[in-house]
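The two complexes that follow have chain A in common; it is paired with chain B in the first and with chain C in the second.
Moving on to the complex of A and B:
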């Protein structure tokens, strides 16, 4: 293998890192096809969690319809019920990404160390961000298949009506949310490797509160009704990319306008619009990617200095 | 570039982690003797020429793997300097990583879900090998290492021997300038070991600019393969020369091998006049002890035999032999490699 000259170094490194991303994404992409049992466990079973919320919202909607004879009022209540169910189906779809980030992406480097791959990765000339990027892209692909399945089945089974008001913004929000989420996962991956098993306990500890505060199964803006505590929860929740991404997507995709969007404290009745949330998500994506890069560089420095991070049983 | 690898006064000290110290503190509140810093390398200076097949011989814990990890840019030295392919391992790791690869015995690299071919291809991508080139090389190497039948088998279905052959393919697929082989034939059968040894020798000798640093437990392997050998123990390089020169160095000594009934003690041989060094190997199943003595001349033989018979032990055989690499090792290190 001949070494590149100084002038060709940047394109050479870019090519190398792109190849590394594809190489590392590959096992996850083929993994999705090699074991079809995932369709049942990861795409069909999550529908049960969604179904529980859908039935509650449907029951509430049906109760609200009792005694109502005005066709306009009936249509309004039905639209409201549909909005809530659409909120749940969309949230259930995005749950897949969050769980993938928290339990798979974040723990990836730790498992790579345990199975003996990490020192081979650290010895290779690719950028460490390319390694994590490959893991993230592979994870996104695999999870997207699951999420799309959940979304389509959810729409069909629960007869959800969706209406995309701004397709470009929807695509933008979706991808920036994923980049921010997986950027967060990349940062967590380094921290998990550093902290080992303690990090898994932390993850288990955080899972439910984050799950709750991100509003996967209800409109998160509802927190505002609980005064200071609700406001604090909202502030915490907006640091998690899934919260803002979900809220923005719901605003774009759910017909009849937003259901309890995230309010802003400085304006009476004002709320974070999808555009603003898109902007915040871009900032979050950059911040998380930057932090991921920094923690990974620190981790590698520590690994070389201490010699305890890249080898198994150390 | 004169040297593919050069080290100067390399020192590597491992400090115990705070967690270990906390867990292992003895009742008096002091760290026990085994929890102190461990000096894995203690001033290693060596030069390996481009195109050389260089062997590193040493018992477990001698510092071989630590040295390889430093040279592969996985570890930083505590002090001292090292250059690989002309680049400083501490300051300039990227160009080194492009030019090297490493294979360890018994490693379990890759993903069980992938086929062997896919697995190697994946690793080749981390080195920027064009996909087409990588696939062609993989096919060729699979044929050479007898893995062709297993090309579409999933990694998790491979035996440990097949897995090690796959690891060797991973090492060669990037066509490195410098290859580090850490006990590459560990646990392999005779045929598989022979195939690997032959390939490594040809790879270095039939091409220009290829260098191999090999660590091994097998004296015969080191003797057969290596242009030069360094004997390392407790982080020091005790000797470094061609196998022939190392043997010649102790040719003026006399080597005796004995097999006797199991001995209760061998301490009387330590410091015995004329005994330069000796090694002991007990065979519990046959109730025998094998002894190898490196002697200044033949005069201590009668004292040795008397000491053995004084323990009531019978002598099964006594043989004077030409020095082997193992004898060189015993003389330097004071024990067998196992």
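Moving on to the complex of A and C:
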């Protein structure tokens, strides 16, 4: 009997890694089903925060309508208010994924170390990318429930009018955004592990500032009105997949044309269209997955060299 | 305990970045609406900005209170040791919340100063009203900590839902207490619900004491015989005092009940890290 070669072992390794993905996704899905209370806490309650942002635009819209009698002007204000409320609903949907990336991807290896699972993962023969991939898939399942709830409530309760102009592009943008976001989460998972106790605080720090810079509750092109500082903020924000993903989805589903899209500096009145953003998102997804692989490899090397990665409370 | 992961200066920066970013979200929302709707309303902007600044206390205090159960039980796994030590666990949580209140106070001051200096929010405070403002602030914080401890009692029994609670419970106050928009923007049933929450009165009184009079109708008034009149400052303070005491008593009861049920179900030091 001949010794196994690298090529002959491919099916075995593939099977092993697929099993690892399923194995790591399984407890998240099953854990969720065993604790159905999470649907209330994770999907229903957070809707209130989003509702508050919706009511701000409603209140502003109501004040803007005071004393206006021209039907054209009334229609214009209502359309503007609807597009901004749609922005909030869409942002609220994507907030769920961003929070999942932060708290259930980026911070996860750190928690695994704290509860003593990390050394088991390090010893197991599967790829660490498969492990993180399983976490991502399990997390996406849980998060999708919240995201869908937000979207449905937005449409039904707040009477948001959406108009899908290009369904295929919408699906493409959505999934590539998720891949890029979770790729970013995988990369952060390794970095958080290296940074130790700051992990929790880093995740907390990446909530509101990212909601702000990525335009989760307003069209991010609004930054362009703030001159150089706004331009710098936009340049920084486009490195975060959520920014481009949200802007592209806004352009595809909010009726009445793009509302304050991301302008490009080299063309008067030109802006990043949804298909250009889709292309950039594909690049970001590849880059983040590559970086995740690199940082994981570095982490593993460090684990072997210094032996401190399994030390808890550091 | 909350700051021992880093240098004090870095902790201070970290503590104010989040709330200031939260304030910036509202500034951008207002700016974008002004651009699209070709409409400006400085009164409403001041209303939103000051409400949001004081809301920093709500988010920080509530999260700092009930998150203690989760962090000690699941992350640090120290709850069992603290719990069996000869101290009141209720008091321990109040102590942990106190540090959050202090940090939140700094963030509130910075946010208000930024609003006044960079965004043109106009404040109008008279010296005679400062004692009233301080009393309202103390009562508001007392009420917040009481609500936080009620939630801590519930957290004894729940799995790792801190983030849902941290987003959702402040969300209730965000929506129903007229923090960012007048209660009159809500449907009737929601306005009635909001009038039953003490924080509604705290936010209203705080804005009355800090901002110049505006044309915005907050929807808070006492009505008799078809005639409505706005509450006076002292009436609002009395309502705040009464409701704070009620929440304090509720916090004692709910905390004890949650603790008892968790002990009976063997959940006092459970971990749910899936």
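Here, the second predicted complex is superposed on the first by the 296 of 314 C-alpha atoms of A that agree within 3 Å, B and C clash if a C-alpha of one lies under 4 Å from a C-alpha of the other, contacts with A are read in each partner's own complex, and residues count from 1 in each chain.
We take it that a residue touches a chain if its C-beta (ideal position, glycine included) is under 8 Å from a C-beta of that chain, and two chains touch if they have at least 3 such contacts.
These numbers come from a predicted model, not from an experiment.
Visitor: State whether chain B and chain C clash or fit side by side on chain A once the two structures are superposed.
Guide: Here chain B and chain C can both sit on chain A without a clash.
Visitor: In the superposed arrangement, does A:12 touch chain B (first), chain C (second), both or neither?
Guide: first
Visitor: Once the shared chain is lined up, is A:298 touching chain B (first), chain C (second), both, or neither of them?
Guide: A:298: touches no partner chain.
Visitor: Tell me which partner touches more residues of chain A in the superposed arrangement, chain B or chain C.
Guide: C
Visitor: Tell me the contact category for A:290 with respect to chain B and chain C: first, second, both or neither.
Guide: neither
Visitor: Could you tell me if A:121 is touching chain B, chain C, both of them or neither one (first, second, both, neither)?
Guide: After superposition on chain A, A:121 lies in contact with chain B alone.
Visitor: Once the shared chain is lined up, is A:225 touching chain B (first), chain C (second), both, or neither of them?
Guide: A:225 contacts chain C only, not chain B.
Visitor: So, does A:31 touch the first partner chain B, the second partner chain C, both, or neither?
Guide: both
Visitor: What is the angle, as a multiple of 10 degrees, that the CA centres of chain B and chain C span when seen from the CA centre of chain A?
Guide: 90
Visitor: With both complexes overlaid on chain A, does A:45 touch chain B (first), chain C (second), both or neither?
Guide: A:45: touches chain C, not chain B.
Visitor: Which of the two partners, first being chain B and second being chain C, lies in contact with A:58: first, second, both, or neither?
Guide: Second partner only, chain C.
Visitor: Please give the nearest C-alpha separation between chain B and chain C in the three-chain superposition, to the whole Å.
Guide: In the combined three-chain model, chain B comes within 5 Å of chain C at the C-alpha level.
Visitor: Just which bits of chain A does chain B share with chain C as contact spots?
Guide: Overlap of chain B and chain C footprints on chain A: residues 27, 30-31, 35, 115.
Visitor: List the residues on chain C that touch chain A in their complex, please.
Guide: 5-6, 14, 17-19, 21-22, 24-26, 28-33, 35-37, 39, 41, 44, 48, 75-77, 158-159, 161, 163-165, 167-172, 174-175, 179-182, 185-186, 271-274
Visitor: Under the definition above, what is the set of chain A residues touching chain C in their complex?
Guide: Chain A reaches chain C through residues 27-28, 30-32, 35, 37-38, 40-53, 55-64, 77, 80-81, 83-84, 99, 103, 111, 114-115, 197-198, 200-201, 204-205, 207-209, 211-213, 215-219, 222-223, 225, 259-260, 313.
Visitor: In the complex of these two chains, what residues of chain B are touching chain A?
Guide: 12, 14, 17, 69, 72-76, 94-95, 97-102, 107-111, 113-114, 118, 121-129, 131, 174-177
Visitor: Can you check the complex and tell me which residues of chain A touch chain B?
Guide: 1, 3, 12, 15-16, 19-20, 22-24, 26-27, 30-31, 34-35, 115-117, 119-126, 131, 303-308, 310-311
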